[in-house]
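In what follows, chain A forms one complex with chain B and a second complex with chain C.
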Partner chain A sequence: MAAEKTDEQQVKMFGNLACSRIRVDREGWISTAEQLSESGARLLTLWGTDDRDQAGGFRIDAAYLLSDSVLVVEHRMVDEGEPWYPSLAGLFPVALRMQRAAYDLLGISTNESDDRGWLRHGGWPQMVFPLRRDVDGSQQYPVVSQPYSFVSVEGDGVHEISVGPVHAGTIEPGNFRFSVVGEKVLRLEERLGYTHKGVAKLFESLTQHTGHRLAARVSGDSAIAFSWAYCAALEAITTTTCSARALALRALALEHERLANHLGDLGSLGNDAGFAFGFTHFSKLKEDLLRANSVVFGARYLMAFVVPGGVAADLNTEARSLLLELYDALETSVINLRTIYDNHAGLQDRFREAGRLDRSTAKRLGAIGLAGRASGLACDLRVDHPWAPYTSLAVTMMTQKGGDVAARVQIRFDEVVESLRLCRALLTENDSGVIQATVPTAQSNQLGMGIIEGWRGPVAVVLETGRDGGIHRCHTHDPSWQNWPLIEHAIIGDIVPDFPLINKSFNLSYSGQDG
Partner chain B sequence: MWNTLSRMLRTGLLTEPLPKLSEARSVVEGLPLEPMQQNLLNILGRALCIRHVDAGSCNGCELEIQALGNPYYNIEGVGIKFVASPRHADLLLVTGPVSVNMEEALRRTYEAMPEPKLVIALGDCGACGAAFGSSYASRGGVSNAIPVDKTVAGCPPSPPEILRAILDLIRPAADEV
Partner chain C sequence: MSAITIVRQLSEVVLAIAIAPLFGGWIAQCRAWLQSRTAPPLIQPYRMLRKLFHKDAALATTASPLFRMTPYILFGTMVLAAAIIPSIATDLTFARAADAIALIGLFATARVFQSLAAMDIGTAFGSMGARRDMMIGFLAEPALLMVLFNAFLLSGSTALPSVVDVRTMHSFFVDPSLLFAAIAFLMVLLAENARIPIDNPATHLELTMIHEAMALEYSARHLALLEWAANLKLFNYACIGFALFLPWGIATQGRDGGVALAVAVGALLVKLVLAGAVLALIEALSAKLRIFRAPEYLAISFLLAVLGLLVHLLLEA
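Take a look at the complex of A and B:
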């Protein structure tokens, strides 16, 4: 659609979803974004690349989700002077943090005034941009910690509470600054980036055939989504076709990942609302599923299951009956527990109205995935842009209108039941095709994109091949980039003690966004 | 209410016996629960308090630590509890390679702990940095930032492996007391 509205140069793009790519100049970067914003497209991800080794200067890319495809808009900063591009944040607020991250890694700036580091907290010098080709990624620097200027709220009786980066529970690190009056939250500002591990730079030292292992570890709770997205990008570039069997097994593993996370969250949400019974029962169900994973897939967490060309191993012969039995047991328990949750006055009192994000705010902020669906935005790539094997599974999209914790709980209940249906259907795929096709080495400078709807939302991996089987650039995107800013809005007017519950109801990834 | 009670009754007690200590070189069968609890009390005179710090993990290791609280492992039932402050902690359980952005917070947490400051570095990342290695953003294994008493391999290590490492570590510590 938008691709046709411009006569700029069309560049080839591979992907598991329909993808196209256009090259624009600086004005085109903004005018295309305006057209896309008007047409209702959503910004999926944004990343920078150092192409100076190929005499191309620096490059910025933005991938947009359109109603029927993905459009990547590319702009090369080849002018003299400091590389910069116009900010997209006015049109797509989710761009802001991604642009700050692109600056920290590459030194490419925008016309935004917020120049605070997002990924760089003082762990490396200000003028070192680690993703530049002439920077040695293995070099270490002493930490020079720097103050971070949170936006402060003035007013009578307003005070600030700072939480983190180390939190009280077994969770990931991040810093939250609340401005409160009494217990009521006037403003929340998040500061993330604490678990930045230099993933993008590391990819450039790996080969096309080993990158999936790192992808699986971008966010451990989404190992299948990320490793599948990586492999889908590589397979698209090399025009490798995976067998129906291999794809069914990947989808089975992806649905298990969704189930495990949803079951865990349902338990923790009960717990955070003072109903320990919920934690006990849901954590038991999650453990049952993980133990089944270990029997049928050989591991509780599937860091090594998705490999280029297919999957690492087929299910053993007992797997089918074991899994069908497990699914029945899970379904019966979950339906029973749902009745208990629904009828528990104390629980519902905490869930309802807490952390409410209405549809129009969610839409304006670019909400995506589970949190978007809980605020009434119909977006699930398994339904909107299905890829094999979802093309033949007819997934039912679950949405809720409430936008509160209760809605995010209900979505999880609905999705657990739907996932169990999908798992049963996937087990009937018994074509005995090879589970691992041979993936040839790609030529250099091929760009491919893998997009997989994980349990939080769409996970994207952009892979650009390098010479001799290497990787020129690999960008990984977790939907938490979109959804973290939502919490800053959802908490307004609620009380500080409700924050853990509200935060848990989104359950976003720190590692996935920090990279 | 009736529903809740009936579910509790139907589910019954799920807690499994603790894994044996690794000196016994045994598979995961069990020691009876009470002697182990008694052991802990003998060793520490109270429950074992653990503070967890994610120093840059991918969140995989966290999921397995959280699993220790499920009714099968029921870690609180044997007197091991996770505490919110390092000042109350006997043991620091650290996950992930140490990201440069977490290095200072990790050091401060360690410094805030009382003696004997036991530290377990969890997972392949905690042990040596694994997939993330050492780089401009990562210091690699936890021992590059603070002293480590024990490492637990695995990506992520399973709950029995974590539990076994904890028990292994506190027993010799008790012998010194």
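Take a look at the complex of A and C:
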């Protein structure tokens, strides 16, 4: 970065991708962000830490995705009664909600005018900041309902529809406030945070060698991505090298996770458009895959597969032929179903033009992952910043220009076929080998970052080691942070009954974002 | 009015109430097969009704008496409609009291009450469902009237029984105008009974609901009556369709002894089995329309019915 700056200081960090870390003062915090914004970098995640026990005051960190590496910028708020830092929301709109969440957890504020709470829904008192070291995580508080001022839209015939947080179907909680005229949506405002579980606080009571189990449970649909990201961070800090076999198995599991979610989503998208035929057929395919998982990995959902140093178990002997057979069957069925979806006039009428998010809006809002690719943003870490074993797999990036529901459906079809190719390639390589390396206990105060392109987009885990094999701070980041605000824009001008379909085409995580 | 007429009338109403859920169950079964699912048992709707009748009703604190009355009114109007429609016999006590236009009025009454009740609680979903249902209704009613006019022109009467009587006299004579009317009627039937492509009875997505949104606040016996009334409505529409387009088998005036009635019931069951399969096939093959396509859809239905009228006038002339 800018060479003329003298108040910048390089700080050591580790990661599975090329990364560097600088410490800046308050002016540097915003000027660095300005330069990064101009150079086209994207804000990956932002988190706060209470370092007062190490005489460091509060610290705020921002991780940026550059074209060839990851840059972590940190700013320490020392000697201040009211710790604050300049808001990045003007440069990176995705920062806004992360900053609001950081305030709720740590009491570090910004100069942003929107200072409404994000994670705190009255579950703990206003002046208690649970991630501070002097707050005991076991304390119980009575729930006190908090008023929340949604932005209101004025006008003739405008009224509001409040949907959720409890929905008619069995889905995660989130509140959606629509301002509508008739059926037309003028504005949508999301309110999330209902599934905040205090994951970050819980991490601090775990050891480095048990944290991956919690990481796998941050967002159940991305268990492999999160647990791999955690292990990658720990392995980077301890400079552990995993065997090629272990990495291949992790990638195989990650692609299975992608396949299972894409198949499930393709079915649900059909169902939400009233085409239940697609739902039953894709559900069957997903079920076939999950059953194969339980045979070859020992579990349908792979919560305990990725462990520090490698994976929990190797595939059994029949696995290879069973999986290759499954992949062929899946590919044939998916191609057939794709033809049905593509040629179904009613379905295409629902998919096309619904929830359109054009490229410039997506870029401005910092869209990443699958939703970004559907709006023409070429961003896939498996291609842009490949890590082992993706370095040798030559993943083809799938992009679409449309930015509508149809584009997000097409991306899923393309990625299913590509994932099947990757799975086959991963199965033919290194059929044996050590699957687990020993991971030593890391020194304290080391910062490691694991970034894995999950099915939804880049999943990041930032691990800061504590004394005696403990965890000082562990921050988990789901790409839903970036992509939830996209839906507020994609729905504008569409009609209320199309919202479930548009929402499903993004299929973002509530749990992963709420933490 | 003879005793036999009353028996006929009574048996028709009882039959309608009894087998309407079965018809719903049959469509659900066909749909499951077409979607490669294991089908629920045929009697699933009855189990559902039994379960609901055994539950304690929960009412919103803001519910007015209108909200509580509506399920009974709805059920009542659908039973009355079943009494008017000649499903197995034409010589009916009630049929003389009301013609097909009054029948449409009866359906409209039910709609008005259901919409008012949906808005009564004051939730966003109730009002949303009510206004969508009103939109569908005001477009579907004219189309349905046009369909009926086709049949009225053929029989020279606005009463359904006489339509059946006249139509059954010409054995298997298919009037081309009725072909147009039949397609139009099928479209109206799907729209009016909250089925795909207009509404999705199986959805859990509250923002997309029409009929379900209006029933969201109901529980237990109230919900059971609403479900039953919905089943009856579909049954009634199917029977209107049979009376207009497939009247053969219905016990007509003068030929309505015990044997004829038994034949009529058998014929009705066969027709219901076929109609259920056709409805399930249509639903399995289509996706739900974007809601603003509904006016186009119903306009096409109206247009087809008008075309039927024109064809009739041209051929007569």
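Here, the second predicted complex is superposed on the first by the 506 of 515 C-alpha atoms of A that agree within 3 Å, B and C clash if a C-alpha of one lies under 4 Å from a C-alpha of the other, contacts with A are read in each partner's own complex, and residues count from 1 in each chain.
Quick note on the criterion: a contact is a pair of C-beta atoms (placed from the backbone, for glycine too) under 8 Å apart; a residue touches a chain by one contact, two chains touch by 3 or more.
All of these numbers come straight from a predicted model, not from anything done at the bench.
By the document's definition of touching, neither partner reaches A:40: not chain B, not chain C.
Of the two partner chains placed around the shared chain by superposition, chain B and chain C are both touched by A:169.
In the superposition on chain A, contact is made by A:277 with both chain B and chain C.
Contacts of A:217 after superposition: chain B is touched, whereas chain C is not reached.
In the overlay built on the shared chain, the residue A:56 is in contact with neither chain B nor chain C. Contact with chain B, but none with chain C, is seen for A:509 once the two complexes are overlaid on the shared chain. Judged by the touch definition given at the top, the superposed model places A:493 against neither chain B nor chain C.
By the touch criterion stated above, A:161 is placed in contact with chain C alone, chain B being left untouched. Taking chain A as the reference chain, the count of touched residues is higher for B when chain B and chain C are set side by side. By the document's definition of touching, neither partner reaches A:440: not chain B, not chain C. In the three-chain superposition model, chain A touches both chain B and chain C at residues 168-170, 277, 279-281, 284, 344. Those residues of chain C lying in contact with chain A across their complex are 31, 34-37, 124, 128, 196-197, 200, 202-209, 216, 284-293. Those residues of chain A that touch chain B in the complex are listed here as 119, 121, 123-124, 128, 130, 135, 137-141, 143, 145, 165-166, 168-173, 193-199, 201-202, 213-214, 217-221, 223, 264, 277, 279-281, 283-284, 286-287, 290, 300-301, 303, 336-337, 339-340, 343-344, 509-512, 514.
Interface of chain A with chain C (complex): residues 160-163, 167-170, 183, 270, 272-277, 279-281, 284, 344, 346-347, 349-350, 354, 495-500. Residues 3-4, 7-8, 11, 14, 52-54, 56-67, 69-72, 82, 84-85, 96-97, 99-105, 109, 131-139, 155-156, 158 of chain B are the ones touching chain A in the complex.
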